[in-house]
Amino acid sequence: QAVRPLVVAEDVVPQTFDPTQSSQIRTWYAWQLVYEGLVRADAGGAIVPVLATKWTVDAAQTTYDFTLRDGVKFADGTPLAADDVVFSFQRLAEKGLPYAKDRFKSIESVTKVDDKHVRFKLKQPDAGFLLNLGSPFVVGSAILSQKWAQTHDPKREMMGTGPFKFVSYSPNTQLVLKRNEFHWNKDGAAKVADLVIRYMPEQSAQIAALKSGQIDLMFPSAESRLQLKGDQSVGTVQVNSTNTVRLNVNTGRKPFDNPDVRRAISLAIDRAAVAQGAFLGEAVPSAQVPPSYAWAPKMNTMKYHRHDVAQAKALLAKAGYPNGFEVNLNHLAGYATYLDRFAELLKTQLAQVGIKVNIQANQNAVWLDKQNRADYELMDNEYAYQADPLFYLMPRPGRQGPTPPEMAALITRAQGGTAEEYLAQLAKVAQMQDDLVYPDITIAARNAWVSYGAKVQSVAPDATLSRTFLAGVTFK
Amino acid sequence: MPPDAAPPLLEVQGAVKHFRIRAEGGRPGGLLRAVDGVSLRLDAGETLGVVGESGCGKSTLARLIVGLLPPDAGTVSLRGGDIWAPGTAGRERRRQSQMVFQNPAGSMNPRRTVGASVAEPLVARGVRSARADAEVERMLPLVGLNPKMASRMPHEMSGGQQQRASIARALIARPALVVHDEAVASLDISLQAQILNLLVELQETLGTSYVFISHDLAAVQAISHRVIVMYLGEIVETAPARTFAEQPLHPYAVALRNSTLMPDPALERSRSRIVLRGDVPSPMNPPSGCRFRTRCPQAMARCAEEAPRLADAGGGHLVACHLAPVAVVPRREPEAVPC
Amino acid sequence: MTNPDGAAVALPQEPAAGEPPRSGFLADLLRHKGGAFALGVVVLFVLLAIAGRAVAPYDPNTGDLASMLAAPSAQHWFGTDELGRDTLSRVIDGSRIAIVVAFLSVALAMLAGVAIGVVAGYFGGWIDSVLNRSQDVLFAFPTLLLAIIIVAVLGPGLFNAVLAIAIVYTPRFARLARASALTVKTSEYLDAARLAGVGTGAILLRHMLPNVLPSVIVLAALSMSTAQLAYASLSFLGLGVSPPQADWGSMLSKARDFITVAPWLVIWPVTALVLLMLAFNVLGDAIRDVLDPRHATATGPANAV
Amino acid sequence: MLRLLLSRAGAMLAVLFAVSALVFALGSLIPGDLTSVIVGQEGATKEQFEQVRRDLGLDRPLPVQYVRWLGNAVRGDLGTSPITGRKISADLAHQIPVSLELAVLCLLLSTALGLPAGIVAAVHANRRLDVVIRAQLLVAFSVPTFVIGILLLLVGSRFAPDLFQVAFTPWSQDPAAHLRSMAMPLATITLPIAAMTMQMTRSAMLEVLSDPFIVTARAMGVRLPRIQYLHALRNALPPIVTFIGFQFGVMLGGLIVVEQIFSLPGLGRAMLEAISTRDYPMVTATTLVFAVAFVLINAVIDMLYPVLDPRQRPR
Amino acid sequence: MNPGPVLAVEGLTTRFRTRRGTVTAVDGVSFSVGRGETLGLVGESGSGKSVTAMSILRLVASPGRIEGGSVMLNGTDLLQLDEEQMRERRSTQAALVFQNPMTALNPVFTVGWQLGETLRAHGRGDASSPAVLQALRDVGMPDPERQAASFPHQMSGGMRQRVVIAMGMLNEPQLLIADEPTTALDVTIQAQVLDLMKQLTHDHGTALLLITHNMGVIARMCDRVAVMYAGEIVEEAPVDELFGNARHPYTAGLLQSIPRVDQPRGKLPTLPGAPPDMSALPGGCRFRDRCPRAQERCLSHPPLAEVGPRHSARCWLAQDAAEFETMEMSDAA
């Protein structure tokens, strides 16, 4: 049998291949197969060396020195040098999208110490810095070859040190990759010689393709998983993902500036029912930090991220809305069916405390725009995995009311503290966010799956939903 | 015309209608002279018969008279006023004449009942529908139709029935002038007679004027006060009906007379006819000089050079023929027709 | 005295009063085989749309999560969806939108299109050119794109979606109407009407329109169906009614994810859709038949070539 | 003749010009903003926002943007997608053939199916065969495209795995595989379009079949099939052909759905993607391509008209 | 050769079932036409002449139906044939020239093609056959080569009528039915066309059924004449007999109304009243209401009966007179 590629289906095409130019997680899935960062944060938050073997932090927590790994080569065979690292971060600072840049806001400078050493100077201590640097999705942290980037257009092609080498891309069709023969890590290098990511927007088509052996692996939705369940020839791995569905609340508008109103809304939501109905049972109730993080505050300690209609009504009455009010939900339509169902359930659940929800089904661009212009009241949203857990908790003052000062202080304290205290401090922030129900109301963390055909094995995804596990997949 | 005399009901002066024909696949393009300088007048209560070759411009003349087509040159006036005068004056004048179309099947809206079509001129004048219906019911028997036919669709009627319905429509609003384009062509003779009588009767009581176009010389003579003969867009002869019946002068008119079949089997079996030779010339490319010369049995050299003008041969009998005053074709004895 | 001629005796005699049998558009339509059936179906759906929730066994928008994706049973004849909502009730509730979309969007498009087409065809000249070109511009947009843009501009919602579909469909009615109007314009009966002194408005209304309508009606029936589908696509893109209001299109677009797990979620809305669309089209054909002056009621086929 | 062609070309250009201007104008009216799509939801400061807009040239007044775009467009440069960074013309070069092939094949197939079906239905008007034909096609027509597509997917992958091709194989690579990868998408859009063609054909034929010249042909002893398929059809063709032109727009809409379901890298999908990301240059370009196709098809139909109907030939 | 008549119609009845009731357009019509003979069919407009013609060729379209009678063509009952057998006979054995030439031609084919189609349908040639041009020449079409390449809309009414006539005669049928073939022609052309038809009956033995209102045409062309009124034949006689000795009051009235070419303007004698509504025919004699000599017995329907040699009429009075005459004659004998 001729060597055939591993064929993987994805729903959504990547918007760009430039790892500084998109805030869309579905685009990152492509980057992380080709690019790597200096370090990687694993699902538990531990920092693992990748392109850097060692790093040191000074006492002020503002100077990081990285030692680059020996013998690392880009996919075109050129060796990795400190210049490439400096170039990559300069490029980020100059051309990066706000989203990517903001991950590394604290960087003051990146300098080459010598060919093997790079120094990052921060403006102030940033306990999440290494975590951001270690994002498995390499947003902003990907290391590009300076020489290559000057002669190629990184928006249209990729060339990195990762397990795969970019071969070609046909828009809306497929991304063809092959094993990066120069990969520094014999274990981490791709197991299959060729990888094809086929972009198939319709899950039904993916199912049909998987069943007929035309693709090897797909990422089914909860509905698709139901359809695949009975099929013996299809293997499925489930992960309890860190993706959380939330309601953003515009606290800049009345009556949402009143914590009691926010508390009432949160209490009115039956998260178990949402998990059951919207996610077809494949989710768990969640507060700001997904429960799969060991350090996350436990759900049963939550004051307001629980279901209590009576208390919700009382709070509403206290806030001066005994008969409830009307609210518009800026709903992201056409993104995921569970989000649609969530919106519908929300409407019925809030109706029970007298709040009438008008679902405004908006296309992504409109939804985003309303959000960015703070032109909304309630808004459903999904947060994907965040390497730096602070981003689960980060208020976005531009699109909602002012951050309560005590919370801002707590966050600054956590950032300025050491990495060891960081998570404990964040847990405190989370606790405070539950109490104030600010910046958002978190509903649930959903499950995710990888389904694969009979010929494939060693499928080991993790809770981040990162696609890096594809490097480890092999044929039987 | 003395200056104090009332203007005639209808006056056409030098009316010209040319159709521009584009060249196409081997056919030459050019101007088709459908009506080429026609002048005529018609008084109230008078009937003008029009005869002529198929394609000589009779229907086009009819459309010019009723104002369905604007003339390219010349004028059409009703009671002394141009029917194409700008504004409401012209529009008013154009509304005073009616027409019975040559193709009755095409002149009725296929999706409306015959009654609705007949009532149309009344309804358009704002007559209430109940009164209009009553009027239709009164009118249909006059043209020999059963009043029940009002609820029929045009395609449910025979050709003659359709024709009668269009006559009824033309007459119903008592217009000052009605142009009949082959109005009785597809009627049986008894009906034809009935309609002709009806027209005469209406004319006598209401003073209506008619332009009566037909291939049937006998029918034309039965109703007309004056007759004009057209050939290739021009008038070649005009005469009082009686004079014309007795003695047509233009060779073409004579040929028409001679070709007309008589309702007498014995006579028809015995007689032979002068048949015109030659093809009908194209109206796009009429012959020089006299337009009839290519088929005229008496054509001479002069006919090719000089176009004859309408000249009086006495008693208001105008003929456009170089031979006219002298070329008195011996008149056939009137046939004895059993009745 | 005996009648010597047998044939005359055998003549079917008309009723004594001589009254013709009852005729009229509706009577003829009811006598038309397909027409009666289709009209029945349409009326049924209209009634369902009006009665809606009153006849639906459950609240269409709230479900019992305990019985999600339940197969058809005595309790839920058409089964339940993924939120435990009763499919029968949702199908019934969805008929309202189906009817509104079908009738309203096509009626608007037809009204505007026929008016534009007839005016353009009748007057010709620069009016024709201007109307024609502007319709061409609309026409040159892909249907769905134009609808998306219009809804995006107007904002989502049932009536905006209906309006968008109406705008999108206007040019094709205009074209068709103009083409028919052009043939009518050169007909002699129009000359006759003009001579009769019929005003422009009445000519357009009484002569143009009846002759333009038959071809337009078939298109209208087809458009009622495509309007549904266009609406389904719009609501699939989140540009239709706001959830959880049921409409067949979005019910289907969600149900497709469950097609093998809960086929009833697909079957029932499709059945309703097909039934109504079929009825529209058969009704359109029937109306065309009945409007055809050559149509014969008693003997079936009008055109037995 | 030349003058006719020139004036026609002029009218076409005017339409395209208006279409592009309209897309541009509408683009600014549509809620939702390219900048937001690019920046994403994680929040950015006002300055950052403005910076992105400046980089994209979106800060300039709309007419200026349009004129600049138009200036480039007439020189054949449709610009670069601000989202993907790819040249739009290069993307189109890949997408147009896919959609064009689908559209043309669909037009041919649906006509090949709908036209005879319509004729047979008309000939048997209101009798059994008519009812059967209409019922079948209209049912197929009433089911939304995406449902048909998915049903075909299910059935196809199950019972005719050979027909079901996930991968779109370009013609150049493997014609046989290419045809197979097109089979199901084609079937999906062809059915409803064929149903419409059938309906229109039926109604046009019915009109013609009651014309007097049909009786003439019968009186001359011409065989019925020949009357129906030649004498009547030739007369019914002009409205049918016009209608098939209308279909084109509908079909392009269908393409969007079908390309989505069958993962075909065509224009429809590109356009949908472009709309949802507010990729204005791409939206404008794809719309223009559709408009060009539409205008061309209709020009061809207009030119066919006099061929089909001698009465329409310029006198 | 077949000794019997070419065409023998017996009791032909055709009805239209419309929304407004049943129209009996042809009601028990019987007549026959022999080889080389010309039978004229005249009558009230709307009396069923065209429908009779269409019924003979079985071309009546729904909602019309032939409900009784037989149409024997050379001894074969056309009404019993299946459609294909009927088709084979159309145009070759029995041809029809339609009343309305404006709409009888297919607008999208050239005239030559349509003529050729008539040949092709019977495997006798096509548009390129010399017979096509000859046929056009025969009907007096100027420039036949050019006209063969023309479309109907490019021709005047008279030219179209000639095309339709040429089409009817192209296959030299044994029976030619011409329905008002010359109404759109001017008299000079009319004469030419009629001569041509006459020639066909002479040379080829074609039986001609000529429907017309023009009594001059009847006089010139016909051997015998049948008169129709309200769906029935009311009188039939040899042409001279009919013109000289009309027995039915309708025929008599008809003949009196003929205007004469040499007669100036004046009132024409006419028949009063309108024909009956064919969807609600009165019992008895259908002409009764308009008949100047109507009597009590006219309330019962008169049969078509012999009133003289080869002369029959549907009138009680005429029959009485005939009885009287025959009695006289037998007495004399």
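Per-chain numbering from 1; labels A, B, C, D and E assigned in written order.
Heads up, the rule we're going with is that contacts are C-beta pairs under 8 Å (C-beta built on N, C-alpha and C of every residue); 3 or more make two chains touch, one makes a residue touch a chain.
Heads up on the chains, UniProt names are B = ATP-binding cassette domain-containing protein; C, D = ABC transporter permease; E = ABC transporter ATP-binding protein.
Just so you know, these numbers come straight off a predicted model, no measurement behind them.
*Asks:* Supply the minimal count of touching-chain steps required to go from chain A to chain D.
*Replies:* Each step joins two touching chains, and the minimum needed here is 1.
*Asks:* Any idea whether A-C or B-E has more C-beta pairs in contact?
*Replies:* Of the two interfaces, A-C and B-E, more C-beta pairs touch across B-E.
*Asks:* Just how far, in Å, is the C-alpha centre of chain D from the one of chain B?
*Replies:* One centre to the other, that is 55 Å.
*Asks:* Rounded to a whole Å, what is the gap between the Cα centroids of chain A and chain E?
*Replies:* Going by mean C-alpha positions, chain A sits 92 Å from chain E.
*Asks:* Can you work out the whole-Å distance between the CA centroids of chain B and chain C?
*Replies:* Each chain reduced to its C-alpha mean, chain B and chain C end up 49 Å apart.
*Asks:* Give the residues of chain E touching no fewer than two other chains, as numbers and ranges.
*Replies:* 18, 20, 61, 100, 103, 279-280, in rising order.
*Asks:* For chain A, what residues touch not just one other chain but two or more?
*Replies:* Only 204, 334, 362-363, 366 qualify.
*Asks:* Can you list the residues of chain C that touch 2 or more other chains?
*Replies:* 20, 152, 236, 256, 259-260, 294, 300-303, 305
*Asks:* Which part of chain A faces chain D closely enough to touch in the complex?
*Replies:* Touch residues, chain A against chain D: 13, 15-16, 18, 21-24, 97-99, 102, 153, 155-156, 170-174, 198-202, 204-205, 208-209, 211-212, 214-215, 334, 362-369, 371-372, 381, 391, 396, 398-399.
*Asks:* Flag every residue of chain B that touches chain E in the complex, lowest number first.
*Replies:* 25-27, 47, 52-55, 102-103, 105-106, 140-141, 144-146, 148-149, 151-152, 156-161, 163-164, 182, 185-194, 196-197, 200, 215-219, 221-225, 241-242, 245-246, 255-257, 259-269, 273, 275-276, 279-280, 334-335, 337-339
*Asks:* In their shared complex, at which residues does chain E touch chain D?
*Replies:* For chain E paired with chain D, touching residues are 54, 57, 59, 61, 83, 87-92, 95-96, 98, 100, 103-109, 117-118, 121-122, 151, 153, 164, 167.
*Asks:* Within their complex, state which residues of chain A touch chain C.
*Replies:* Residue list for chain A touching chain C: 203-204, 221, 223-224, 226-227, 273, 276-277, 280, 331, 333-334, 337, 340-341, 343-345, 347-348, 358-363, 366.
*Asks:* Where on chain C is chain A touching in the complex?
*Replies:* For this pair, the touching residues of chain C are 61-63, 65, 68, 82-84, 152, 156, 236-240, 242-244, 254, 256-261.
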